[in-house]
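Chain IDs A, B and C follow the sequence of writing; residue 1 opens each chain.
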Amino acid sequence: MSPFFFFIQLLNAIQYALILYLVASGLTLLLGVMGVINLAHGAFYMVGAYLAFAVVQQFASFWLALPIGLVLGLLLGAALERFLLSRLEGADHLSQVLLSFGLILLINEGQRVIFGNDPHGIETPGVLAFSMPLSETFAYPAYRLFVCAIGVLFVATLWLVMAKTRIGMMLRASAENRDIARAMGVDANIAYVGVTAVGIACAVLAGVIAAPIASVYPGMGDQVLILSFVVIVLGGIGSLSGALAGSLLLGLVDSFGKQFLPNYAAFLVYAAMIAVLIVRPQGLVRGGGA
Amino acid sequence: MSEVLLRAVNVSKRFGGLFAVDSIDLDLHHAEIHAVIGPNGAGKTTFLATLAGDLKATTGKVLVMGKDVTGASVEARTRLGVGRTYQRSAIIGGFSAIDMVRLAAFRHKASLAGMLAPLAANASVSELARSALARVGLADRAEIVADMLSHGEKRRLEIAAVLALEPKILLLDEPLAGLGADESRHVVALVENLKRTCAIMLIEHDIDTVFAVADRITVLDNGRVIASGTPAAVRENAVVQQAYLGLADQP
Amino acid sequence: MNAQLERIDRNVLVVCAVAAATVPFVLTGYEIKFATTITIQAGFAVAVGFVVGPGGLTSLGHASFYGLAAYLLALTAPQSSPANLVSTALLSIAGAAMLAAVVGAISIRSRGLYFILMTLAFGQLGYHFFNDAGIAGNSDGAYVNFRPELILPWGAMSFDSAANFYWLVYATVCGIVGICWWLRHAAFGSILVGARNNEERTRAFGYSAYRIRLVAFVVSGAMAGAMGYLTAAQHGFVAPQLLAWHASAIVLVMVLIGGKETTSGPIIGAVLLLLAEEVLQRITEHWLVGVGLIIVAVVLVAPNGIVPYAARWLRIGREQHV
């Protein structure tokens, strides 16, 4: 196995991991800060992908899908919190699980109503539709590098916000202990709407960005959802750095697993998750509350 | 001196950098009431939790009937004869008073056949439950759902349940808190009565009661023992007077 | 459970049992088959309801026990003759119970969200095992060519007719409901519910919450397996989708709709959901939208389920007449 081959798989793993992290970070914040388990998170990822498809069809521009996706994601997230999640304040996990499951059905079927059952592809946006040569025989698609760059930018921004700003500090406090956060003057309602809006927006954007790489098909949110949960469990509920570690781990397992053990890649992912939970129930990175 | 039923040896409980409980030695003797007093935050409830099993001691040993239970679960310690009440009355929501006491009473009579029959059908369990309820004066409230009872009744219900366990060691965390004068007297009488069959550890804020019933007193402050001995000795202890009892008796 | 709810629960169960017993006499072949499907799903829902309700454990992976039992029949049934009902059913149920024991032993150590996610992971593990490993046709699924038959001393009893098979399913579900009711009202159920309502206090009475939950989980898994076995026998076909988390979520929906507190709730939930699906499917090809709306509505309006909701409503009605 040549070093370039290895390097390409590594790049694939990182790109995969960063998209997964974009989705999982929103999910873990929702779980950690609000104690809400949102199964529909993957469906919003799908919304992003189909949005990109629709925008490309209508306006022949991929880049337009990014700001539209952001705004749509924020609005959907805020609406989700205001109209549905807030009604479930204090409800048990079963209610949350089922409410979000109902949402999945609505969103998935809604997509079928609008777009039909066929999978679609989106062409890589023109300006990035080339491959960067790495050596005489190996080249890597520029768009994937772009995704990696966006991902790194996202990780850095999120870290900055959480570690260095007041908002970040309040969110971290809320994740640790909601009562203390309230005593510190964090307005729970605003925080919840904000967290949900941003979390959903991240999922939608992830879908937009991933669309040119993966094809756009019905039910594509399910896989991402499950993987996001694996990531969160590995990293610890509520932990962003844990979600990053989990995403990278899964990226590596997926990328290299597909090469060497294609039939068992998925199996390995879940087995790893269970193994981690047996040994360290609170996750690899830190103890999350549950 | 009577048998030591529970022994705490150098028990400490650390949370991060903070020692909530620091190197405590304490013995509970059969037929004795050993009161534990101290200001708020002194670590009394935390200490009790390490004895009962809700928390595991960071260092030190807890021995029940000579057996090392330092790492044992709550249920394992209960099976050895430990009974305890909680600072906030722990009743089981949705259960009637008698059903909750039956659940406790069933513990020692549990058998596979018993598990598959309704709790109420077991005659000896019901009898034990009813007599426990009668002892705390709740006989006529037996069928009421526990959530509906008054605060004082909930406390008494908890005690009835613990009675039904027929424990040899009783750990009581502020059993008189929130009780009216009559109820308090009733409970105090109950506790003194129980002394005959148990070793009792009593956490209480009501100093008069403590000095009236305790055979032995340990004073905690900041997680440490600052004095331990007979009530008279503790009363005279200057350190204790300064830290806790107040200087009311000083000229 | 208060006395009134218990009385309503018992009455609903009796009504269901009587109504279900009339099915082979008043319905036609196709309708009997549909009723069979509903009855199997009702049994599955009751099994899941036992751990979700009294057990307080939200399991997102119960379909794996259901599906494993179904696959075990497909794997052990002979290609060209009917399988032996007793031996294959015992094997399927035992397999489901063992898987439930493993999953439960590991998952029940965790609380709340972590428990849900662990059951989800195990469920997915099961799905991918049958979908990727090449053991039973992967995504194509596998067939059960002949319905199992019961070997009696004087001959074999076949369940090929819709009515005969329905009676088999009916009897099994009655058994499941009976076991759940019995355990719920026995000391076992009291300990289980005590652990759910106040785990601290119940453990302080000397009971191991872990162990009682594990036993409930395994019993529930075995019952789910029995239903999986029957579904494989009914359709003669098994596919990995039987174990997917969507399937686990749907049965949870049935429990939610009917109510997890009662033994009859999940039955009502299964009946209502499947009837609604049937109606919706005739109206539009996008009937899943209707299902989604039903779920969201029930969660927001009657999160404890329809049976308790109706019970409260009836009680209010009764008070007004006094």
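As a working rule, a contact is a pair of C-beta atoms (placed from the backbone, for glycine too) under 8 Å apart; a residue touches a chain by one contact, two chains touch by 3 or more.
These numbers come from a predicted model, not from an experiment.
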Lowest number of touching-chain links that must be crossed from chain A to chain B: 2
Which chain is most remote from chain C in terms of Cα centres? B
Pair exhibiting more inter-chain C-beta contacts, B-C or A-C: A-C
Central chain, going by Cα centroids? C
Geometric centre distance via CA averages, chain B-chain A, whole Å: 50
Determine the centre-to-centre distance between chain B and chain C, using the mean Cα coordinates as centres, and give it in whole Å. 43
Intercentroid distance (Cα basis), chain C paired with chain A, Å: 33
Could you pull out the residues of chain C that touch at least 2 other chains? none
Where does chain A touch two or more other chains at once, residue-wise? none
Residues on chain C engaged by chain A in the complex (per definition of touch): 52, 58, 60, 106, 109-114, 116-118, 120-122, 124-125, 128-129, 132-134, 245-246, 249, 252-253, 256, 260, 286, 288-289, 291-296, 299-300, 303
Touching residues of chain B toward chain C in the complex: what are they? 52, 54, 73-75, 78-79, 83-84, 86, 90-95, 99-100, 102-104, 106-107, 110, 114-119, 122, 145, 161, 165
Contacts from chain C onto chain B in the complex sit at residues 1-2, 182-183, 185-188, 190-191, 193-194, 197-198, 200-209
In their complex, what parts of chain A are in touch with chain C? 31, 35, 37, 39, 84, 87-88, 91-95, 97-99, 101-106, 108-110, 112-113, 222, 226, 229-230, 232-233, 237, 263-264, 266-267, 270-271, 273-274, 277-278, 281, 290
